[in-house]
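As written, the chains take the letters A, B, C, D and E, and residue 1 is the first residue of each chain.
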């Protein structure tokens, strides 16, 4: 087993991790800031892929799909928040979880009705077809693009949430909406924005994953489990945690694939079990804030 | 789930009709179950109501009464079924011995998962149970020589059983139903015992306020672990029933979607109500049965009903019904 | 009354679910006045404040503040009219530092107030907080949390402040200082509605007093008169 | 009696194989209709009772129980996945009900799961891999495997390795991937570093589509040929012609066979007539031949008497879609031809249904199968 | 004076770099009411948290009835005979007022028994009602705890601590949030309690503290500032400066 193989493997792990990070991020933001565990996240990821595909074929360009699908589905997410989730704040934390669980059934079946239950091909954008010779091996251009795009999105997101007043409102609003209202914040708008952002990120993940996998109604359910594992390892609500854990999971899967490939799925769960045994609140989670 | 449960926990002196009903909840529940096969469209469905009723009831102990939202109950449902099947098929254990063995082993599994998961709180608990249960799923998938892997466990058909010297044809749906009902009755009696016991009070205290429970002198971690094991034990009994009923153990039984279904059923019936799990299991299964005959898109209806329940009937069918009966009377 | 009433409540009713808590409250607070609202536990004092802030699930009647009708407004809009509230349960936001909790008092006020300067200023008033700016808010001692809650309400310089038992858990020297602070605020033209169980202290501070019982106003008069009333003394002040 | 003949048909109407299932239902209904049009069986009408098994073995077992206990069906045909088929088999076997399975599996033929009442109409992994290997492998070629880590994948791998050994091709490595994985990128660097001439991807459904797609993304096709044991009509549709171009795999049926086979052409014609001109798919054809062979046996037995029908099935010679077939006596496996197909380049496609080129249509014979004794049957 | 009940030896507690308590050595005799006062943030609640096992001290030892308590988990403290009320209300919101107290009473008797019928344990009902009566909440016994007003919840908090009949009762600002009348009742209750058991009381209401206690301990910046009879404390200039101020405390 030579070094170049290990480096290539590492790179595939990072690309895998990048998609995980972007989806887990949406989940963690919505949880951290609204206290909502969004079980429909996977379904929205899937819908994002369909929307991306549909918009790309409508406009004739993948790039429009990439840009518009997250916005459109994000807006749809706001609608979900406004019509359904909003009624549940202040009830037990389980309620939104259960509601979105039911919602995911509706969304998946809805897509089956509209687009059929078969997979649909999602062509790679022509500019990114093929592989790039890295000297030590070939790597798909598209995956390199995904890595870079995710890095940019992360940076922007982090700057807004940690460095601005908006970020403070958002973090506090999650924990105590009542006091935020008393302090003059229209918390409803904050909720809308956060949920929209989370869902938009899910959709972005979906569009990005589209050209790597075939698009089908079930593609979200697997992603959901992975995203959960990543968020839990990273610490629910922690953005840095999601990033670190996403890459960690991607790379471990990839490295395990080298030695015991059939264990690739289990390794994720095993990693989680180990992390939680050592730190029950996740790597970057804050103790006692879990419910 | 949320809000007070009215009149479900400790029965007060039988001053009202409702209180009388609650005092005799086990007997009444059994009476309802006894006529069930004659009310439902098929016997197989009735048996499923029994099985899922027991599984969900066990889960209700954890989720409804203790407030621990686990997404891993499928692990115990499945382990009960697998252990029963393996004991009978591989080791030739007679069925009546296989069931307690399976429950015992499943309780051990629950202890193992519980030790890790009850250390965590809130949503972490949900996620950890989900992940650990998935781990069980993958282990079952990999250990194909024991479990049959993806193909499921087979080869342990119980077709005749000896009931106190009486040879009974277990393939006959009615016989099967009443034999399995005895198990369900046992589970109900056990659950009722737990709820009425001093430990039932501890469970409530832990649900309401862990820190306070600790300051009152309860070992919260240990109590949660015990509940987790009791809940796993009851749910695993449902698994044993499934194995006896179907003569196969499908791998999907361990999948997290089974856990999801269990959660749905408890919600539909009414968390933290005694008979709710059976109502939930019955309504879910009937609904699925009826709608899936009518349209292949049954999931959209199941999803919608689920959403509507969370929004408007968070106490489920049975819980809401009990509330309606109880309204006007002083809450306990 | 010579002055104009800044806050005027008429026939205020409020409910928690089916239980009817307030039965037609009527009271007013004039601009620049300190009014003490006192009464037994469970009398409905907190409920009155919550109704004013828009935190009750159901409230009817008329509440006008600076000429605006409050009840149709949502809670955050009431803040923007210049109404601040210190809740009895303090509501320090978990996961945020003391400094961040203070910043929360400013987030909605827009950019008019310079954050750093405002925090410095308030930290002068509450030196205890100044030492602990970077600690997580909820790990403060009970009294410190109370100060933080008050500081957070004051930082955006509201017109009127609703205080729910501000002296609870505060040590005697500081209660005195708080009294001085409140008087200073009044002198600066702020209006205070003070719910208190430390009745004697509240009456010394206040211009007027309102007594509530079982969701109704049972007595209103000048604070001095109340303080002089033997019967009232007997019932509300002695320990 | 002139009671209708009821045939239970569990199939996954919901879930990832819903499209295949719907094709199966259409084809099964076609088979029933053709018989009813000719007056039924011994004057009795035939009725197909379709039930959604949700691709879940437990659900399938329950539905089958209902079909037997409540609907009193005379026989059961169907199931698409191996696990579901085995579950149905377990229920029918215990109750002595005839079951014609149309799911690919090696297990159901083995003595352990065998039942006198069970017939296997579908291909099995052993047959498909040997046919595909014969077409694609040559002596001295280097072969690598990417295999789904569960029974189906293991069976395919076993078949390939056996064929490979017979041909004299070299095995350079095998990678087991988790069943149902969404990402295969992590296996690619290692596969490429093995430098094989042929890559056999042994998995099913979405796994096949995703694995091929990602292999192509990594430039695998420039270095090696991709071969699959069963090339799936719907997965080819799901990822498009460019990805599948040049991939070779086995199949039970392809509509293009009509130019070579009379029965294929008449099956196509009947299907098109009943379904607005649509073509039948590979999995659809199983529905037709499964129900068709059962009805033919019932015809021969003159009714639904279980033992007589079993007897008739064992003796039956049928040709419904692609040439002569019969059930082997010892394990009830249908002896049939295997098609080897190659996915066409986009530019070479004559129409949207013109997906594959037929490389071979090996006539069925007993020696394509594992021997009866190998399967554990007394001979 | 009866024998020593509790002895703290060099107790210290740090939170990260912050020293909340340092070198607290103090002992309490059985059957006495002692008040612990001190400025906000002095470390009183932290000290209570250590005495009740909710926090483990960073240094020092606790001896209770001659036994060392270090290392015991929190729930064992109650079984040793130490019970506490919280400064910030901490009850079971969705249980009835009665059950709040009843479940606390049960803790000392049985936890894991699943064979007995809890409804038959009538002695618990009697004890719970007695405790509720003592704090004046008997009339609201069957309502849910969360429907009580703030002051009423404070009273419930005390009933919950009281019902386990501890040898050592730790009360952290029991009358905070209570009205004058309720406070009067509470003082009467405390007087009765002090006859029977050892009580440690944290309070800021000085009249009450000085009137009730036999002994007052003053904490300041995590250290012991003074310890003595109420009169000594009242006239201690240091205590006046950091804590009492001019008014000598309201309340």
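Everything that follows uses one rule, which is that a residue touches a chain if its C-beta (ideal position, glycine included) is under 8 Å from a C-beta of that chain, and two chains touch if they have at least 3 such contacts.
Since this is a predicted model, take the numbers as computed values, not measurements.
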item	value
Mutual neighbours - chains that touch chain C and chain E alike	none
Identity of the chain that, by mean CA position, is farthest from chain B	C
Remotest chain, chain E as reference, centres from CA atoms	D
Chain C-chain D separation of Cα centroids, rounded to whole Å	76
Chain centre separation in whole Å, for chain C relative to chain B (CA means)	50
Cα-centroid distance, chain A relative to chain E, in whole angstrom	48
Per-residue multi-chain contacts in chain B, two or more chains	138, 142, 297, 299
Junction residues of chain D - those touching two or more other chains	14, 18, 149, 178
Chain E residues counted as touching two or more neighbouring chains	none
Touching pairs among all chains present in the structure	A-B, A-C, A-D, B-D, B-E, C-E
List of chain A residues in touch with chain D within their complex	5, 8-9, 12-13, 15-16, 112, 116-121, 123-124, 130-131, 137-140, 142-143, 212-214, 216-219, 222-223, 253-254, 257-258, 261-266
Touching residues (chain side chain B, partner chain E) in the complex	3-4, 10-11, 193-194, 196-202, 204-205, 208-209, 211-220, 222-223, 226, 230, 330-332
Residue ranges of chain A in contact with chain C within the complex	165, 168-169, 171-172, 175-176, 178-187, 286, 288-289
Complex interface listing, chain B residues touching chain D	41-45, 48, 138, 141-142, 144, 149-152, 154-155, 157, 159, 171, 173, 242, 246-248, 250-253, 292, 296-299
Complex contact set, residues of chain E against chain B	52, 54, 73-79, 83-84, 86, 90-96, 99, 102-104, 106-119, 121, 142-144, 160, 164
